[in-house]
Structure formats: C-alpha cells, structure tokens
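These are the structures in question, set out in turn.
In what comes next, chain A is part of two complexes: it sits with chain B in the first one and with chain C in the second one.
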Partner chain A sequence: MDIPAAGLDKADIETTVREAVGSTLGKSTFIHNKVDGWIAKVMETCLKRLAQSAKQYKYVVSCQIMQNAGAGSCVTSTYSWDPRTDDCITVDWQNDHILCIVSVYWLAV
Partner chain B sequence: MEVSEPNRTISNFRQTKVKNIMEEVLREKLTGATYHPDNTSQWTREIADEIKQSLKLQDMDRYKYVVQVMIGEQRGEGVSMSARCFWDHKRDHYVQKTFQNETIFCVAVAFAAYYY
Partner chain C sequence: MTYEGEFGDHEDEVQYENTYITSPEGYGAEQKFKIADVKAVIEDVLHDRLDGQEYDPRKASTTSKEICSFVLERVKQLGYKRYKLVVEVTYSEKKGQAVRVGSHCLWNPKTDNFSSASLETADQFCCCTVFGLYYE
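Let's look at the complex of A and B:
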C-alpha cells in the first residue's frame, strides 16, 4: 500500500517564509520597538498564505528575532505526530544586525 | 429520577498539569547551569524530549504535539519570540514556560493540536 506523502510543498513554504522575512526586515538594523511589529507581520504573511492552500491542515508558525551581536543561541523542536502527513520547516535569516528564525509546522486534521 | 448529562467537555487537555511539567523540567535541567555553546544543543534536545515524553504519558487522547525549546546567552541583547496558529481554538492549546539565570535564558513552548 502506498503511504501518502505529506501534502504540502516544503520548497514553496520556504520561499513564502523567506519572502516574508526579507520584505519585512530587509536591510533593517535592530530597533527594539519595531521588533514586535516585524514578528507579527512575518507570521501573518506566512499564515495567510498557508491558510489559502485550503488543505485540511492546522498550522503553527513561530518566529524569533534577535539582535545579531554575538550572543549564542540554540533552538530545537521535537514532535509527536503522523510523519506521513505532518511536517515542518525552519528558516534562518540574518543580516548584519538581525537574526530571524521562523519555524512552520503543519499537522493534518 | 436521576438524569446524567453527557460529558460536554470538548478538550481533555490538562493545561495546568502541562505547565507544571514544563516548569519542573526546566528547573531540573537548568538550575545552576552556565551558558556554554558546547552544551546548549544537548540541553535543548534533552529538555524538548523530556517535555514531549511527559506529554505523551498524560493520556490526553487524540493530540499531536510540537515542543520547541530555545536557549540563549544572557548578554543584554534584544530578543523577541512569538507564535501564531491557524487551528481549532476550542480543542487546541499551547503552553509556554521560561527560565533564566545570570547567563542563560530558556523558552519552552508546547503546542497540542487535536486530530479528529
């Protein structure tokens, strides 16, 4: 019996995320009182695009923005789900002043 | 005559229990710890795995879990984290816990999504 592959295109989602982050942060420097707005914009752009796919999935998008000044960090995620239908992608983006990590998880209903 | 109502609880997700579990895991793993780049990857993996295993043991039917753990170095640099979900707000849940000391900050988030 063929097991159906996860029903979303990972490459397409990665492109969506990179475009959302790039268009929001671009060449910005780290401005503390703008960060929350940037994060909201990135996540809303990603979620809107995902929701348009009209597939039977739930989506979780998480976004972290950090000042790129040398402090160390590490992010790990783990999951308990159906690997035939559920999956995730993590996108790292940075410029000289900002580090941004966006993770998108999709889970079949 | 006694009439019993059917159980109308939509979700059997135990928010408080999960909060306590996550707080305990963070405290156990990170109390007294000092940030070192060689350790953080292992710590995040262990914390995420322990939280996930604890969630699975709670016998909350028909949930899928995602656990995300971030450990960062406390150097006064700016950081902001957030998450948005497109899901069933009556059945799906998230719990977030943080830990910090002089050299480390840690944010752990658990997402629980119901499957029908």
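Let's look at the complex of A and C:
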C-alpha cells in the first residue's frame, strides 16, 4: 500500500468546514435542545465530504459548540503520528450567541 | 478564547512502515487500545494538574498544553506501539455557559477507539479525549 501522496488540501477542508458550520448555525441563537442535532449535522457534512476524496485515510472530526458567554476557553491538541502523511486543521466560528470549534484530523492508513 | 495546536512529536525520528498485520492482536493481546486504561490515565493527569487550582486566563493556554502533553506521554507509556494517537483537550472557565463536545470518526471500528474523561471544579472544567488509530 503506497503512502498517500501530498496529503489533503487544507484550504479545501477549511472551506468545507466553514460552509457546514455556517449553513447549520448561521445567525442562530443558542438553543439547548438543538445543539446535539447541530453537532451531528456539522460532523456528518464534513465526513461525507472527506470520504468523497476516496484517499487512504482515517478521519476524526471533533466539534464543540459553546454558548458565547464571555468565558475563557482553550482548545489544544497534540499527536503522535507520521508528519509526512498525517495532519489536521482547526476552524473556529462564532456569532453573537454561539462559539463553534471544529477540528479535523486525517491519518494515513 | 484562544486555540493552539502543537505539531507532532519530532523527537522520535523512527519512521514506521506498514507491516500489514491487520489487527493489533497480531502483536499481542495487550496491544489493543484499552479504553479503561487510557481513561484512568486521563483522569489521573486531570486530577494531578487541576485539583486545587483556580482558572487563570494568563496561564490557561500553558495549562491546557501541559495536560495534552502529559496525557500523550502517559498513554505512550502504556505501550501501544502500532497506534497513532491524537489527544484533544478543552479547558474552559465556567460562567454558566452550556457546552457540547462531540466527535465522529471514519475508521476501522475493530481496531480503532477513543477514550475520554472530564473534570469539573467550582470555576473551570476540562475535557480530554484520546483517539487511538491502528497503523497496519
């Protein structure tokens, strides 16, 4: 099995994630009983798009939705992988009521 | 709010190639990613690092990076030689806001798994997730 060449296009994935989040959350206010559905929709949209690339990768998509209440927050990640083939991207998005952070990791099979 | 990522561990220059042993049990029963063991490590690190501490916005970034790297080192010591690991930490101040964290993965459910734990104190919470992905 060859190592996947040149990884994935980060700019393309960032665009996909921003479109998924923007279309799901848009100008919404924070509604508790819709949050689970929003998270599932964002992640499914991202994963579907990633799976279409049909490259030999495993994907992990992580999504956090937080009420925008002025609280301090840090999201950090670290990894033990092959830097030649594996990489990640983190996208943060917010409106006046919601903070959304989506991280996408892709790791070669 | 800040976010920072740390790129991979460049201290190890050893590069693993595919061996095509399709399951971790091929290396021994103890080589399969064990959720309970990893969860115990995460809880241990969170308690060590956060018990008795208050949220300090000036140090929050450093604290979350330390938790990340401690968890990664301790999970590596469990000896999963053929697993690629991803550790993600969310560390926040509590101001009555609602938070939801979720993940979806496209992987092999027979070999890959994840473990997570969280800790909440009076003024902060921290949620840590470790994903283990088998490298054939």
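To be clear about the criterion, the second predicted complex is superposed on the first by the 103 of 109 C-alpha atoms of A that agree within 3 Å, B and C clash if a C-alpha of one lies under 4 Å from a C-alpha of the other, contacts with A are read in each partner's own complex, and residues count from 1 in each chain.
Simple rule for what comes next: contacts are C-beta pairs under 8 Å (C-beta built on N, C-alpha and C of every residue); 3 or more make two chains touch, one makes a residue touch a chain.
All values reported here derive from a predicted model rather than from experimental measurement.
Peer 1: Once both complexes are superposed via chain A, do chain B and chain C end up clashing or fitting?
Peer 2: With chain A aligned, chain B runs into chain C, so clash.
Peer 1: Kindly classify A:P83 by the partners it touches after superposition: chain B alone (first), chain C alone (second), both, or neither?
Peer 2: In the superposed model, A:P83 contacts chain C only, not chain B.
Peer 1: Touching A:D92, do we find chain B (first), chain C (second), both, or neither?
Peer 2: So A:D92 only meets chain C here.
Peer 1: Thinking of the overlay built on chain A, is A:L47 touched by chain B (first), by chain C (second), by both, or by neither?
Peer 2: Both partners.
Peer 1: A:K58 in the overlay: touching chain B, chain C, both, or neither? Say first, second, both or neither.
Peer 2: Both: A:K58 reaches chain B and chain C.
Peer 1: Going by the contact definition given at the top, which residues of chain A touch chain B in one complex and chain C in the other?
Peer 2: On chain A, the residues that contact chain B in one structure and chain C in the other are 30, 32, 35-36, 39-40, 43-44, 47, 50-51, 58-67, 69-82, 86, 88, 103, 105, 107, 109.
Peer 1: Under the stated contact criterion, what part of chain C meets chain A in this complex?
Peer 2: Residue positions touching the partner: 1-10, 12, 15-16, 18, 20, 55, 57, 60-61, 63-65, 67-69, 72, 76, 84-108, 112, 129, 131, 133, 135-136.
Peer 1: For the complex, which residues does chain A have touching chain B?
Peer 2: 30, 32, 35-36, 39-40, 43-44, 47, 50-51, 58-67, 69-82, 86, 88, 103, 105, 107-109
Peer 1: Which chain B residues qualify as touching chain A in the complex?
Peer 2: 35, 37, 40-41, 43-45, 47-49, 52, 55-56, 64-75, 77-88, 92, 109, 111, 113, 115-116
Peer 1: Quick check: in the complex, which residue numbers of chain A touch chain C?
Peer 2: Chain A residues touching chain C: 1, 30, 32, 35-36, 39-40, 43-44, 46-47, 50-51, 58-84, 86, 88, 90, 92, 99, 101, 103, 105, 107, 109.
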